[in-house]
Amino acid sequence: MIRYLTAGESHGQALVGIVEGIPAGLSIAPEYINHQLKRRQMGYGRGGRMKIESDEVEILSGIRFGKTIGSPIAMLIRNKDWTNWKRQMSVLPRVEDVEKITIPRPGHADFAGYAKYGLDDIRNVIERASARETAMRVACCTIARKLLEECGIFIGSHVLSIGTAGPAKRSALDRRIAKLTEASCGAYKITEEADLSEVRMLEPRVSAKAIAEIKRAQKNGDTLGGIFEVLVTGVPIGLGSYAQYDRKLDGQLCQALASIHAVKGVEIGDAFTIASRVGSRAHDEMRMKGTDIVRTTNRAGGLEGGVTNGQPIVLRAAMKPISTLAKPLRSIDLATRKEVRSRYERSDVCAVPACSVIGEAVVAPLLANAFLEKFGGDSVDELRRHRESAK
Amino acid sequence: MIRYLTAGESHGQALVGIVEGIPAGLSIAPEYINHQLKRRQMGYGRGGRMKIESDEVEILSGIRFGKTIGSPIAMLIRNKDWTNWKRQMSVLPRVEDVEKITIPRPGHADFAGYAKYGLDDIRNVIERASARETAMRVACCTIARKLLEECGIFIGSHVLSIGTAGPAKRSALDRRIAKLTEASCGAYKITEEADLSEVRMLEPRVSAKAIAEIKRAQKNGDTLGGIFEVLVTGVPIGLGSYAQYDRKLDGQLCQALASIHAVKGVEIGDAFTIASRVGSRAHDEMRMKGTDIVRTTNRAGGLEGGVTNGQPIVLRAAMKPISTLAKPLRSIDLATRKEVRSRYERSDVCAVPACSVIGEAVVAPLLANAFLEKFGGDSVDELRRHRESAK
Amino acid sequence: MIRYLTAGESHGQALVGIVEGIPAGLSIAPEYINHQLKRRQMGYGRGGRMKIESDEVEILSGIRFGKTIGSPIAMLIRNKDWTNWKRQMSVLPRVEDVEKITIPRPGHADFAGYAKYGLDDIRNVIERASARETAMRVACCTIARKLLEECGIFIGSHVLSIGTAGPAKRSALDRRIAKLTEASCGAYKITEEADLSEVRMLEPRVSAKAIAEIKRAQKNGDTLGGIFEVLVTGVPIGLGSYAQYDRKLDGQLCQALASIHAVKGVEIGDAFTIASRVGSRAHDEMRMKGTDIVRTTNRAGGLEGGVTNGQPIVLRAAMKPISTLAKPLRSIDLATRKEVRSRYERSDVCAVPACSVIGEAVVAPLLANAFLEKFGGDSVDELRRHRESAK
Amino acid sequence: MIRYLTAGESHGQALVGIVEGIPAGLSIAPEYINHQLKRRQMGYGRGGRMKIESDEVEILSGIRFGKTIGSPIAMLIRNKDWTNWKRQMSVLPRVEDVEKITIPRPGHADFAGYAKYGLDDIRNVIERASARETAMRVACCTIARKLLEECGIFIGSHVLSIGTAGPAKRSALDRRIAKLTEASCGAYKITEEADLSEVRMLEPRVSAKAIAEIKRAQKNGDTLGGIFEVLVTGVPIGLGSYAQYDRKLDGQLCQALASIHAVKGVEIGDAFTIASRVGSRAHDEMRMKGTDIVRTTNRAGGLEGGVTNGQPIVLRAAMKPISTLAKPLRSIDLATRKEVRSRYERSDVCAVPACSVIGEAVVAPLLANAFLEKFGGDSVDELRRHRESAK
């Protein structure tokens, strides 16, 4: 079973991650991970920081001569701006005065974290409850993603909407996606195409509208959220289980997505649409196509009863607008308990494109674990041999 | 930490559950659990089975003289129709011919489960991947719910929409809910009110519309899904954590809801609505009201950064229409690989009201664990003493 | 991954267990489990209760027509004496006076449990912290044991010593065991042979001595412990891992054995003996025998670096004498805080033979999980196919 | 709940650890951890490497201004000899020939790991299945140890025997230890005293004998193991539970110790001695001393029924002799399948003193988790407040 833990503060010395349980013999190069880290930093509407730092991972263990050896993989992403933060983020006892933050930003963990941990400085919250944490999450999950790719399973994503800018008609886009995802590597193709757009959208007209909306928000000191879609193709039938509530793959995937910062809603397939339809228009009928069992629709998003049914997995996530606004919200100074305006820290206007890349990443370890449970193996060769034994 | 496992087939001898990690000294009577089981069986649009069986729990361990003693609690819900199923569901080797099911119902686990477990009879899937399993899930979770109540935390729910029948204007309903949930026990009040409606809706006009829609679906041999809302009031600040991805309470709650049969989408607060708004209209500003910090909105649904912020928790779940239709869908006979019509088993037309009751239940163990992590204690007295030590 | 939970009080209505994660298609009959339950009840030196109750398991779910179906397996062992305990162990609020126990027995959980859970009646402790709990543990673990057997892995045990009665010379016995365990099913053969002795010992002379010692202890109102050995044969190379501290199979097996009531010490191979030897006489040299790599000794007990090395697994456990003595120990009445004599409940004089049977059981789920991790599979067929793919 | 993962190869760039779940507000300085790392490197009989490297931890996250902030703590221990290993341990694909190791050392994970992970170079095993891994394990566990100390719980250890050099009479030593451990901080006092001996023994005469034995072994190209004792004082009553098999603290502690390299046996209290005694001489009778309940013996080692009883916890572990011998053992070259002599890598002659320090460390997270479960809290202040609320 793959497990991983991440650590690291946003302005601390480095982000750190350990991934454990990856079979031996998996080829993985730092560039492969760095590519995902770079994708996470892209997107129209990102603040200044994304330009300063081009994240790069240092692999400290678990990989030798380009391949995993069965041991835990440790990674580091250094903070390139550390010298400027050394004093404020020192591990050693405070010797000089460092200003404390006492005004929470609505929408952030600031207020809840401050109360929970009995802190007197909100900086101790925001340094961890920061989207920067997801850089290491992506790095860790990317190892599992590579394992899936070796097994013919591909993950992709694209942005459906930013603010009010979304597809005029879902059906046209959906048909195109359905077509593309017929191939095992379909999800990958979609992600490649989405990467060509600054907002990771598949339709140029919607892209343009979204960029305009981001510009407007920026001018107004405001921010935007949106909806993105994660797709997985090449998925074998039978991952996950209905046998016990916590083994349902749909629940697990929802947790993964809803654990990304600012993601507050998730649907599998057309969940919210289907909730208002009659059953005869809500399920995916089965047909024969030659000797294959096929479906003409994929409203279930590839999961029936918590188990993969061989169709592409389709997940959608709703990201709220970024809660650090240039035009700040009403808040309270917790030191004085006076009403004030929330402080502003350098921030993005819109991070939905980046969030979609994180979404691709976080589902990977869960799928890899479901795959390992079904096929088993201590090395990629063994895993492949097991999978092929069925044919 | 509370853990629970359930077991049992839909037409097997009994459903069985074990709940472990409940502090000692919690008063719990079978009636308390049976009340929840009964609520799970109600709702306009349920099939015949719900009338046959009024589920009743037998507590076999862990409770003595009306109180928990720190030991695991085992429960049984017997199948009152067992004599009619004895032969078909026998534990002992087959001695006579029992008909096998080989036609999967689209939307069900039938097809995926059959392939996954290498079965030759879909009955082996449908007996477990059945909504009946949730009866024991509700029983198990109800113990955690009682613990929360003893600590002043209340859970409730109501149905927002069934098919196309939903509130004309969300804002009026939302304001009323916001008002009701100002009290610690607000969620409970809402659930009591919802229980008065056959479809667990708070607005009589919408109720009537929903019932009409269910009638129509039934006549057409069709089924319906819908959206329900789970509310938690009396929640202390600081449950959950942003410190590690898998400790985020929002992700955990999404998993819990999406692990209920037919639930395919979940949102916290106004997630999908907020995804299309600007940030300045998406977060919950903070104000002083006397000496208290208050919010005028609760768009975040009580969770910021994966941690409770003292506001009511608001979760919404989308349930797909039931996939067993009287007017059956196209399917394949897996034995012959011929196209056929999916078989019909006695089923409900709409189970959204029941599903909302299950939703109330499944969030309880997660909240109780977050509460236990923060306050700790081997008995209810100790837990209370710890909580009060802060005041 | 196999998980299991047990529940049930010693004099409660029933013991209950749920086992989850067993692949489909495993043949399992109640008799197979009952056979292990019966073995757990045997042994010279058992008290009266063992004669009253011949434990029998009722399988309530997860098995259909003699085979597992992938769903959780629920089991019940009823208390045949329940009518006599109904009043004292009632789930319902106390209506009449039931005597409370306030005198803890040294060596039992009585004192610690009473304090931990804030109880006023030690009965609430002793009902769960009772060796009777292991009946259900054995039932649950026996399912995993059957899975191992299907994969050619066999578990056995025998008693090495009871009180001071042990083998005069370990080396002769060890050589015999080494010889027997050369076969895959060797452990099973040993256990069959041990079952012929009332004290589960392999040497008749030692058996006789042990029985004499038990008789003497009984006459003196005293009790006895001893040491038993658990053996596993047919173990593939490579179960467990050194990669992370908690994946070391040796640590996991030690936990399993030390979690049995009264077992306070565990060694793998000749651990305590080897601790006083030089390294050149402590390890298992490797030789070629035809085309096979072989060892001439098995001091490591089949585990090197926390991973199985293809040799039989050898575990030894030290069981303390039973702490309920007919000639009671000094204790304190916790109600009066006066020094008193500990109370006597009907009890065994010696339970080492039974404990060895429990030892066989508890290692099974861990080995099965290590096996599943390496070979993977949702059904016994799939598991076998994976294993054979290597050949 | 405290969790931790470690990563890192013996000659890799660095060892890495992440500890998660530590309450906020715990004072911790790198020196505190380095002190434990230094103790782990000491002891008569260590090889050359221990002198080269004085391990030092770099804290990369989770601690700010000398205190934990609730976030995961990441640590690094750099390999000071990295430049000499860069080529052999490169993360990047092999560009030049690096010699492979194909001869396993009996007693090591070499053979089993090579087979398990399908490797062609034993170096990939030995780099992780190396005692060096325990440096980071000690660092991680030391954070939990500091938390325990803040709560008045102290851990210590001493070496009982090395090879055949052990106490002439256990009883005298035991009485002295019993006396010392009457105080809450008794374990700490013992460890301080043991640290004064090069072999961490409490009796100078035995120390001298042990050193002589190590010298002799070294001269003979041989190695030694031994037995050490871990003690915990200041333990509250009621940690751990008998309620479910995997919550028994005795089983958990045995796993922790048996997961240390070369530890193959564990006993709690006088387990193996007591196994040959009658019950009346095996348990710890209870007496009143003023208003306190006391015990005159501690044969149970502080645990009854898997729960702490307020007495000091006493654990003993058997360490096998180091399996890398200067006078090598018979082995097989796995590349040629020819009989050869096992290779020699620079190694220690005896590491029992170091192992005892590791033993102190590994029990800490388990005790801290049991403590957190009982008392709960997100900060040290909250935890203390909860604990004091009982008084």
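Note that the chains are named A, B, C and D in the order they appear, and that numbering of residues resets to 1 at the start of each chain.
The working rule: a contact is a pair of C-beta atoms (placed from the backbone, for glycine too) under 8 Å apart; a residue touches a chain by one contact, two chains touch by 3 or more.
Please read these numbers as outputs of a predicted model, since none were measured by experiment.
Residue-number overlap of contact pairs with A-B passes half for only one option from B-D, C-D or A-D: C-D. A count of C-beta contacts for the chain pairs C-D and B-C puts C-D on top.
Here the CA centre of chain A is 45 Å from the CA centre of chain C.
Centroid to centroid, with C-alpha atoms defining each point, chain C and chain D lie 27 Å apart. Averaged C-alpha coordinates give centres for chain B and chain C that are 38 Å from one another.
In chain B, the residues that touch at least two other chains are 5-6, 20, 70-72, 113, 116-117, 128, 238, 241, 243-244, 374, 378, 382. Chain B meets chain C in the complex at residues 3-9, 12-18, 20, 23-25, 29-30, 59-66, 69-74, 76, 89-94, 98, 113, 116-119, 123-124, 127-128, 378-379, 381-382. Of all the residues in chain D, the ones that touch chain C in their complex are 5-6, 104, 106-113, 115-117, 125, 128-129, 137, 161, 163-164, 166, 217, 220-227, 237-239, 241-246, 248, 250-259, 261, 263-269, 271-272, 274-280, 282-288, 291, 293, 295, 300-301, 304-310, 318-323, 325, 327, 329-332, 337-339, 362, 374. By the touch criterion given at the top, residues 1, 20-21, 70-72, 238, 241, 243-244, 372-378, 382, 385-386, 388-390 of chain A touch chain C in their complex.
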